[in-house]
């Protein structure tokens, strides 16, 4: 292979793509912010489809509004639709924040969202202080991960300094705070686990975005068009007082740097939280930051993980896994398998993101699930989202579901595959997927 | 069916039995007591086989010594072997406690273990204060559950009042203590979860036996012939100071009554901890005993469980489960499935234990896995231990592994199928087993 | 409550719910909502109007209607989602239109092919890329009987000429290559997508294959997408009464079925909304008659069988009567089992196509009552057909917003809600039994004699699941 | 260290470990343990002695030897574990003796039949129950070619006469019904169980079926239990050199193979310990010669092939040489791949049967060294065969207790331990690579040319798993 990071697919189409739309990633990021109303600037099909896709995965209602562009916008642009959409959403649903994401359509005719917003604010002075986040997520640039990443960055840049008289000043905490920036490779269950680990060291986590309380699948919630649960608007104002910022997944590194530069607090990026060494790195960092010893509970979990590694080293060593996932998840799961002696036979990322920075024993390439099917023949296992079932079926290989969408297995959003206990669970799931 | 509780198997043999040996259940109970050396009174094959079976299930070393009966014992009885076995074990391994279980062989020639022990103590006055527990567990009476049950009762009767000058008096706790008696239907992971719930209400649990710290599969342990982890000998002396006794699984009711009568503390039995109503019952009891509100964490877990029930009511309602398990586990899992609308098509218990006291919508019958195979044809799922795979294979039905042994799936001893989160996990596992 | 009281109560509910709107919006939305009332002749419901920007809607777009509904189930054609990755990905594998055949050989239904536009394609245009892709798929899948190109929003903006690419490729490979201009911004819902897709069939496919002889009992089924095997269940009945189903549009369909759709004695139409265009065209152009029918629930099945058989000779009618005689006792068994458990239970529906009206009879067969219904993308004539099928006091809502529907459900308290996956989790969280009535919630078929027992069981399972009882906390 | 220093160090280790015992026990155990030393001719290791009560042993019992090892793999016979439920249950499905055939029709290997004694059976005796059970199994499984009755401890105490039940049933059904008196208290290990099982074959089966002609190249394999497919791998080589394997005892075996075990030109014996009795008996009674062989690793395979071929005519020897020529380059590839990764690594073994000595050569082929080995249930002659195969300084331990083995491993620090599942988790917890060498740890085969690459891969996977490196905490 001459250039291992080149697109290996010489075809001009994607066959059974892995690549999801950035606007879907943007929706996900917005769903982790409390009181936010997400507004897709595009034709109404986009918002319906995204709601459907995410509902299928999370088994949750997905509030997402649309500027409902029509044929007139082809001539006049979507400017007026966007202004009207923001105004209607603000008036009708009274959100704390509006989060807008663009689409291939609006980016193609080059809608200037910033000027639309400022024009609206001139017409409607009452909306002057309404925080509106604008994320640029045309689906011809990158995949879900990039859309999520750009939206988190937009959230930070718009809200971190936002001052709103309606918001009480952040309360003084006794526990020191720490900022957590989880990437979209982490499930709501993972984020829950991550927060728990951080709290075990006596920190109060400020999690942006926080899907662990908005998309964790709990009842007793009245459905609403604005996000319920997730990061509080006040949390963004607490950033300057945080002791450090930890970002998870390489895609969150830039967001962490934004915080570091804005607030002069240390920032550390953890490309993975799955695996012994990856978890050790987090635990060591937390021990150093807190000046506390590693809690007994984590030592016990580590000891159980070690036992599992020893018990199954033979079976894990015999694995040949073909993996196709968005980059951060691909790297997390694959590097954990490498650590326990398994072989990675195929590593296909959904997009170019991070492909030059992260490395595995074999080259990581960009590819679709058609390519996965062509390449995975000699493997013992496929790890991919539910759409990988065709490849697995054709090759008669076991298929561990991971990523998004997972619609033909239950409980995926609740899964915890990070930390010592989560790594153990991932290895159990991997071995059990073999049947 | 005229008498629904009759053995339905009119055959005189058991074909692929579910029934395991009571001595194996006894071993399990002993393995949850710290510093105990388990000594099987029988031929050495029994101990090797039990170690093998339990190692295969738990992926752990299983310390179990043997009195190694030989042909001479057929003529002279096993009396001398038992005395010698206890003496050698005491001298060589210096255990805190010795736990003896009998076998079909020694019970057939009617070895009087009590008099053997007192004869030994006369010869060896230095062993006078060594606690020795004697459990009668011939394998022609009951199954694993009964062996475990009789051994827990023997442990309580021998050790609860045992005074030993080597043991420091029990420390005074600030947190009120509560006795937990987990049945053998609970995995080490389940027991861990149970203790955590009890601690969430501010109690300190005294767990007898406690497999969650001896058989939970952790590293950094030097193998030893005596049990490491588990209930402390001191814990038995703390029983009188406990606020209440909670026993889990009908098989533990008698043991709970022993404590109630001996120490005049309230005793409550919980036949199951799997399912919403079953967990509610425990949580309500703990709230009442502690006078505290239900902790936020449990409310959140409950809310997540409710959401899962709602999300999957359609799929769960369509299930027809054929279940063959030891009685307490059979009842726990089946009653949870009934609660969520599934149909139980076959319910086969390993033995008669509790069969007249617990009830399901269909009669519970005693039966082997050959019977399961004959009856489960119209079901959508088989729930049984790994030996059920033949029936599942012949019927081409999915097979959820439960009970003991589970040797062809990993991580079973770490599973948590109790409490709100555990019930959710059980339902996830059930649905995912359908493929 | 008397019927009058019910009508009045529900009218008040409508007013209450609309109260949240500003005056102009209230006036607008009020036209889309009605309560059936003998006093209001016709109870006009406004429909097929624009959705307001900033609102949460269940509607799809033209692409969804053309690719997701009409073209997707044509199994031996490679469908290219032309544009960026999103549209194709979103719509992939959502509809349960079953198809037989070897995947990748003569069945491409489970595949998704996308031209995956990059920024450069937006700037320089995608026609060249499309041409290469068509080369590649024809090469890789020599058994494919044709190629369809479904254009996404940006394609319509950048001035690509997919029609001429399609024409060139079609000539080169002597294979139908069908351009479908279904950009999502066209029209106000998926409905225009159906129309565009129908027109593409008319212009590029119908009558263009090698013709076949028409047998005396040859018929086609139009507008059955074989969700969960529905079309197969319908076909079974029709063949049992002596007819020969040679076409299904479009469920488990082949390109040949589209080419020869007019070569039948009769076209039976199930989903009028999505396929009436082409049915009418075949009648006008080729004289092929069409007839609407409804195979949901034994009452409607009986009516439809008799109406269909009446179009043919006596031998067919005799068989039809025998079929009814054979199956009705079986259906009665189903009713005897489930009706006692479902009698008097109420349902609210919000779906698309034909179901908001067609399925009412099946619920009534089980003793249940539809107290509210509405369409995502209906036209005037759909409501005209619907209202007669409903009882007095039934609430009717067009393009209902998520918020409105939740409020209606909270106030009318039905025992069951039937809508899509986007709505499912909203109502289940409220503790309300719910069935997905687009995809049959991974179940089906619901059509025909085969489907009714499954329908009845599913509704019972949802409504009578013990789950709803345990949901209340004991503290 | 020089060889002398190694020998002295290991002798000191033995003394240190034995230090925990009281004087008498120390003296006793010292006789069971040796360090190979050129100065000690023979290095006698005491074996086949009683285990001390109160000690943790890996040994099984006569039932384990008879049912688990010898009779279990006879696939077309229904084996009844006669007595309480435990013994049968414990031993069910532990050995991976693979068998082909339809389960429940001509393959009963995965089944467990137990007479499940209740208290009443202990009091009133189990003969009547046994009779009923035999009726039932013959009824239910008409294809079964025979029944074996394996008695458990209590049966031997209560004075049951299973022999006469077996005789009556055998006559009644005209089917071999074989009583095997393998109560667990008989003998001091599973070894007597092998002997008893051999005797039962001799007395009730061998020579009792319809005989067959003996071809010039007909041979039998004795003492290969087809763990992970081992016997199939051995058979493949033997057939490739022109021999015809008509019997395997007992792996994937039929009753007919036992009946006609003597009707071969040569019996090849792999596990001498468990099957020498019957091999010798066949030689004495029928003149069937036998020969020990070893198919672990290319060196031993070559030696064995040549030794076997030498028993036949030149045509066989020619083929044998060709087979060696064909496979050795393939084996060299395996060695080239793995030897660099395994060179110099040390192993300690504690197993049963033949493996503590037979497998040494396979390790040496990979550049590894066996530094300790021992048997669970060996006799004197086993050690006599073992010691010559070992290097100077190798530690040899008979019926080693769990504690002793742990101490030896801690002090000798091997790179790999090979023993059973009971030991597996002890050593893995210490961070030591481990392979189950009874069951091949769910892998296999390890015999023959087919097995060696798998053996090499497995040892590499265990020793070089990155797991062992990460186990140390960074704090």
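Note that the chains are named A, B, C and D in the order they appear, and that numbering of residues resets to 1 at the start of each chain.
In the analysis below, contacts are C-beta pairs under 8 Å (C-beta built on N, C-alpha and C of every residue); 3 or more make two chains touch, one makes a residue touch a chain.
Just so we're clear, the structure is a prediction, and the values are computed from it rather than from any experiment.
Chemist: If you check the contacts of chain B and chain D, which chains show up for both?
Modeler: Correct list: A.
Chemist: How big is the gap, in whole Å, between where the Cα atoms of chain A centre and where those of chain B centre?
Modeler: The computed centroid separation for chain A versus chain B comes out at 42 Å.
Chemist: Between chain C and chain D, tell me the centre distance in angstrom, where each centre is the average of that chain's C-alpha atoms.
Modeler: From the centre of chain C to the centre of chain D is 66 Å.
Chemist: From the mean C-alpha coordinate of chain A to that of chain D, what's the distance rounded to whole Å?
Modeler: 54
Chemist: Note the residues in chain D that touch 2 or more other chains, in rising order.
Modeler: Touching at least two other chains: 425, 429, 431, 471.
Chemist: Give me the residues of chain B that touch two or more other chains.
Modeler: Within chain B, the residues that touch at least two other chains are 59, 219-220, 306-307, 310-311, 315.
Chemist: What kind of graph do the touching chains make: line, ring, star, complete, other?
Modeler: Looks like something else, not a line, ring, star or complete graph.
Chemist: Per the touch rule above, enumerate the chain pairs that touch, sorted by label.
Modeler: Applying the touch rule to all chain pairs gives A-B, A-C, A-D, B-C, B-D.
Chemist: Sort out for me which residues of chain D touch chain B in the complex.
Modeler: Residues in contact with chain B: 20-22, 50-64, 80, 83-94, 103-104, 110-119, 121-122, 129, 132-133, 136-137, 152-154, 156-158, 184-190, 402-403, 406, 420-426, 429-431, 471.
Chemist: Once bound in the complex, which stretches of chain B touch chain A?
Modeler: Residues in contact with chain A: 59, 216-220, 300, 303-304, 306-308, 310-312, 315, 409-411, 414, 424-425, 427-428, 431-432.
Chemist: Within the complex, which stretch of chain B touches chain D?
Modeler: 11-17, 19-24, 39, 42-53, 55-56, 59-71, 73-74, 81-82, 84-89, 91-93, 103-105, 107-109, 138-141, 143, 219-223, 225, 387, 390, 393-394
Chemist: In the complex of these two chains, what residues of chain C are touching chain B?
Modeler: 425, 428-429, 431, 433, 435, 441-443, 458, 461-462, 464-468, 470-471, 473-475
Chemist: Spell out the residues on chain A that touch chain D in their complex, using ranges where they run on.
Modeler: Checking each residue of chain A against chain D gives 276-277, 280, 284, 287, 294, 302, 306-307, 309-311, 313-318, 338-341.
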